[in-house]
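In what follows, a structure is listed as structure tokens, so that the remarks can point back to it.
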Amino acid sequence: MLDIITTQWHPLLNGLWNTILCSLIALVGSLVIGTFFALLEISKYRIVRLIGSIYVEVFRNIPLLVIAMGFFLIVPMYIVKISGFAAGTIGLTLYTSAFIAETVRAGINSVEDGQLEGALANGLTHAQAMRYIILPQAFKVVIPPLGNQFINLVKNSSVLAFVAGFDLMYEGNLIANDTLKTMPTYFIVGVLYLIITLPLSYYMRHLEKKLA
Amino acid sequence: GCSSVANQDILKVDQKSKQITWGVKADTRLFGLEDIRTGKLEGFEIDLAKAITKEILGPQGKAVFVPVTSSTRVPLLKNGNIDAIMATMTITPEREKQVDFTKSYFDAGQSLLVKKGSPIKNIQDLNKPGEVILGVSGSNSVKNVAKFAPRARVLQLSDYAQAMTALKSKQGDALTTDNGILYGMASENPGYEVVGGNFTKEPYGIAVNKNQAPFRNKLNWALNRLEKNGTYNRLLLKWFGNVKGFNYQEMKR
Amino acid sequence: MIEFHNVQKYYGKFHALKDINLTIDAGETVVLIGPSGSGKSSLIRTINGLDPIRDGKLIVNGFDLADKKTNVNLIRKDVGMVFQHFNLYHNKNVLENIMLAPRIVLKRPEKENREFAMQLLEKVGLADKADNMPAQLSGGQKQRIAIARSLAMKPKCLLFDEPTSALDPEMIDDVLNVMKDIAKNSKMTMLVVTHEMGFARDVADRVIFMADGRIIEDDSTEKFFGDQPSTQRARDFMSKISGH
Amino acid sequence: MIEFHNVQKYYGKFHALKDINLTIDAGETVVLIGPSGSGKSSLIRTINGLDPIRDGKLIVNGFDLADKKTNVNLIRKDVGMVFQHFNLYHNKNVLENIMLAPRIVLKRPEKENREFAMQLLEKVGLADKADNMPAQLSGGQKQRIAIARSLAMKPKCLLFDEPTSALDPEMIDDVLNVMKDIAKNSKMTMLVVTHEMGFARDVADRVIFMADGRIIEDDSTEKFFGDQPSTQRARDFMSKISGH
Amino acid sequence: MQNFIDAYSWINIRFLLQGLGVTIEISVASIICSFIIGTLLGIIRYAKIKYVSAIVGFIIDLIRNLPLLLIIFFTYFGLPNIGIKPEIIPAAILALTVFESSMVAEIVRSGINSVDYGQTEGALANGLTKWQALRLIVLPQAIKNMLPALVSQFISLVKDTSLATIIVLPELMYHAQIIYGQNTNYIIPMFVALAVLYFIVCYSLSLLARYLDKHLA
């Protein structure tokens, strides 16, 4: 096991870096897109709500691998050439954003009606009430589930392995195939994933307790 | 642990049970591919494995097939799920540290598939920064590329169809793997051609666990007999006789 | 100030307000009572457009709420509301709760805004709580902040929906005293849903009794408490709630 | 029936009950009053072991609650409790709410169980609601069902924690009447936290006043309401809540 | 276009549907197993039993935080090292169950916590023991609360079965790979078919959940 670390630390670190990079980009992207579609889903207008829910249902119900493959293989054929890393990251962003939209929507719904009514009665418009009162409170509620989404996102970034995105799992596969030391390699890869996700999940639990 | 696997003489076990369990490919045309109608596996390797089984165990001997992929074949062998791997596995010194190989049963050579009219004519043309070569992860051919075209970037995908489609999507400039497979793909995709000849030798071997000398010797013995009695050439003709561009005469033994 | 003409309100198929006709003049203090589910909250919530009406005409401060082209935000600027459960902004401290709407809606300059907010805090007796978060206050304190928040918009009219019924008994007086002060010392129009009969007796100009979505009685305070309500329904109700 | 000897209770570092000494005899009806946060709920909840005590001795129905070997389930069988927010089982209908504990804890035969449950529903005036779910009831109805649920265990003692303070004013009497009926017509020991002074005057044998985690007064009802409470603290409190 | 017509021959479609059958079979088995085990684990975590809850919690955290792909690998290739040699289908079910149970355990724990504590107090004061209160009053309500989260988890599970292609489980994704192994031109039609088939299954599942949510009042 040690020899894998001593001889392969370079690709492993590279993979770890790409996994972190992809996760961060996808996190920010899916947060923005997810919030946008959450707002669509609670709109007054039926048609806007419909658009929101179609987006969410489509991306929620198709395997991430299929989405990422679509971006890697089909999009360059007809639209624009993108790298495996980009295709995987975009796929991961859209996929995660559907889940985040659901989470944020639930968060908005969990803010008591009284808060909105209080703000409206106080003279604020619906949009102002959302911006100053409802969304800030919703985000607070949503932090723990968002944290879990982020952990899922980190794990799901392993989809990059299938589109040559040079992430941790991709490098792990290569090392395993080269050295044929399958179990030790994947053991190390697992530990590297845990190094990202475990602290995160403990931090989330801590936050959850603090906010409760 | 793995006491059971390491300490057993596979040959004896198989002779007793009258069956050999082979790890084979199920998604590779010409070598090992599942027939969707029947659910049976077929291909050159499948037929050869059957013939070897009969050779070793006699007419009642049974070949059992377990589909494997490049990433699962070695762990399955080590865990004893399969007795031997016959799955387009190239004999390399690196791999010989982990498993034992028989003599080669198929001398593939690595080549390139490119779009017709591409400026790339051989592997040297790819040895430039910015060139991207597509391959299948776990295959030996991608490792060779690092030797022959160290300055190119290599993208490894999960299977040949994905690699081929990535080539069509211009995710790479050339696709490299063993020539038999490349010719198969060229015939499906008229806009693409195999170029540059074989720039490596890719001898496929049957892999068995370490410390199974009796079994490996028996496999070599069976292979030699099949080559001598013409079975080998017959199977070669059956599977590669009609592949356009593939020189089957050269491969005869 | 507020005029209901034959107003009808429905929740789905449920007819919550039936044939409401009611006029409240500027500066009046009106108390609204009635059994649970009789439509008191529904009536009061239509006035600032929190709940829509189906039919009839509802003129508030010159605007017609039945007209879809009316911008209800213009009405809400001049009509404050105090809720049973306070509805303070959980994510803002006391001062920000009071200053937010004037800043955003009225664009009141920051300095003036803060000074006026502090003045209101003095008035409700909570100047020392300016920096607290709502969660750190008792119910009675929250409600006094909620009143200050409404006053910060300098409304022409204030609506109260059971402002003391979620409070511990010993906190009720503090809130009622603030409300009495407003009723007596300002020109505010006030419509108050409450069961505090002492308050009604003390400051109300009129008492309205509702049941089953209808206004059953609309009496002057003297008549309502002096001669007893004229309907049996209202008398029954009064005897049930007296003492609680 | 219930004996507190120098009981101390803490929430973390906060000293919620201080040097409580109190004896309640079988069959007595005792009303407990005091400002918010004075420890009334804490005191009542220690009696059936919902909250643990830190120090002292607390004997309920012969069992010592301070002793860790005491099986608190044995105490709870004989000590019923009615909460401010009812705490009916949301997932069971009215009849099942009443029948569940007798069936599981007392193994009362199904037929007898049902008959007794229906009898109790008659008693609280809600026999027609047997098949309703709790969500379909008004607050006053929920609380009467909660009382029936407690009675179904045939307890020796009933604890009430502000049973009417979450109710609409016109529903309070229905609940108080049921409670008065129990106090007058059964041998039940009752400890009631409430601000309903009419109820206290009517049925209490004693009135206890708490403040800051201590028992400040423990008077007979006649003395408490007749001569006025003896401490200034209690007199202030009484003047604040009178009328609400 | 011709590729699509050829790829969607009845023989290929039937083969895909066979794969879908395995996907559903594995999913159902894993859903049932992980629901039962996850609920038990969630209760153990909720109950705060000395040491036990902490250890169970740590294991759950470890599993929850690993990519499922690795868990499948460890199950199929790691277990034989300790003398257990599962077949592919049991191995896949085992791996999915191990992973999803730990996810379900978290959902159950927070579902139980989401039930108003007054319900527990009411039951205790009514004479029920802690366990009776949990079983008869709190859990039934918790299950209703956690239904949405559970269903999303099970939707993920259905999609996650596709990762078991890595150990050559003959499910939908793998069958698609076999089909496009015959002809590389079939790959895009196959990915489109995959998207549609997974969507149908997963979306039906969420419709079912919505129905249950309404009618489980």
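For clarity, chains are labelled A, B, C, D and E in written order, and residue numbers in each chain start from 1.
Basically, contacts are C-beta pairs under 8 Å (C-beta built on N, C-alpha and C of every residue); 3 or more make two chains touch, one makes a residue touch a chain.
Worth saying up front: this structure is predicted, and the values here are computed from it rather than measured.
The set of chains in contact with subunit C as well as subunit E comprises A, D.
Distances between chain centres, each the mean of the C-alpha atoms, put B farthest from subunit C. As a whole-number value, the distance joining the C-alpha centres of subunit B and subunit C reads 83 Å.
Inter-chain spacing, taken between the CA centroids of subunit A and subunit C, is 46 Å. Separation between the centroids of subunit A and subunit E, computed from CA atoms only, is 19 Å.
One simple way to say how far apart two chains are is to compare their mean CA positions; for subunit C and subunit D this gives 35 Å. For subunit B, the set of residues that touch two or more other chains comprises 71, 75, 162, 165.
Of all residues in subunit A, those touching 2 or more other chains are 69, 73-74, 182-183, listed in ascending order.
In subunit D, no residue touches at least two other chains.
Each chain pair that touches appears in this list: A-B, A-C, A-E, B-E, C-D, D-E. Against subunit A, in their complex, subunit E makes its touches with residues 61-62, 64-70, 73-74, 77-78, 81, 106, 148, 152, 155, 159-160, 162-163, 173, 187-188, 191, 194-195, 198-199, 202-203, 206. Residues 112, 114-115, 117-125, 128, 132-133, 136-137, 140 of subunit A are the ones that touch subunit C when the two sit in their complex. The part of subunit C that touches subunit A in the complex is made up of residues 48, 50, 73, 76-77, 79-81, 83, 85-92, 100-101, 104-106, 146, 149-150, 153, 159. The touching residues of subunit A, when paired with subunit B in their complex, are 69, 72-74, 76-77, 81, 83-84, 162-164, 170, 173-174, 176-183.
The touching residues of subunit A, counted against subunit E in their complex, run 57-58, 60-67, 69-70, 73-74, 99, 102, 106, 148, 151, 155-156, 158, 169, 182-183, 186, 189-190, 193-194, 197-198, 200-202.
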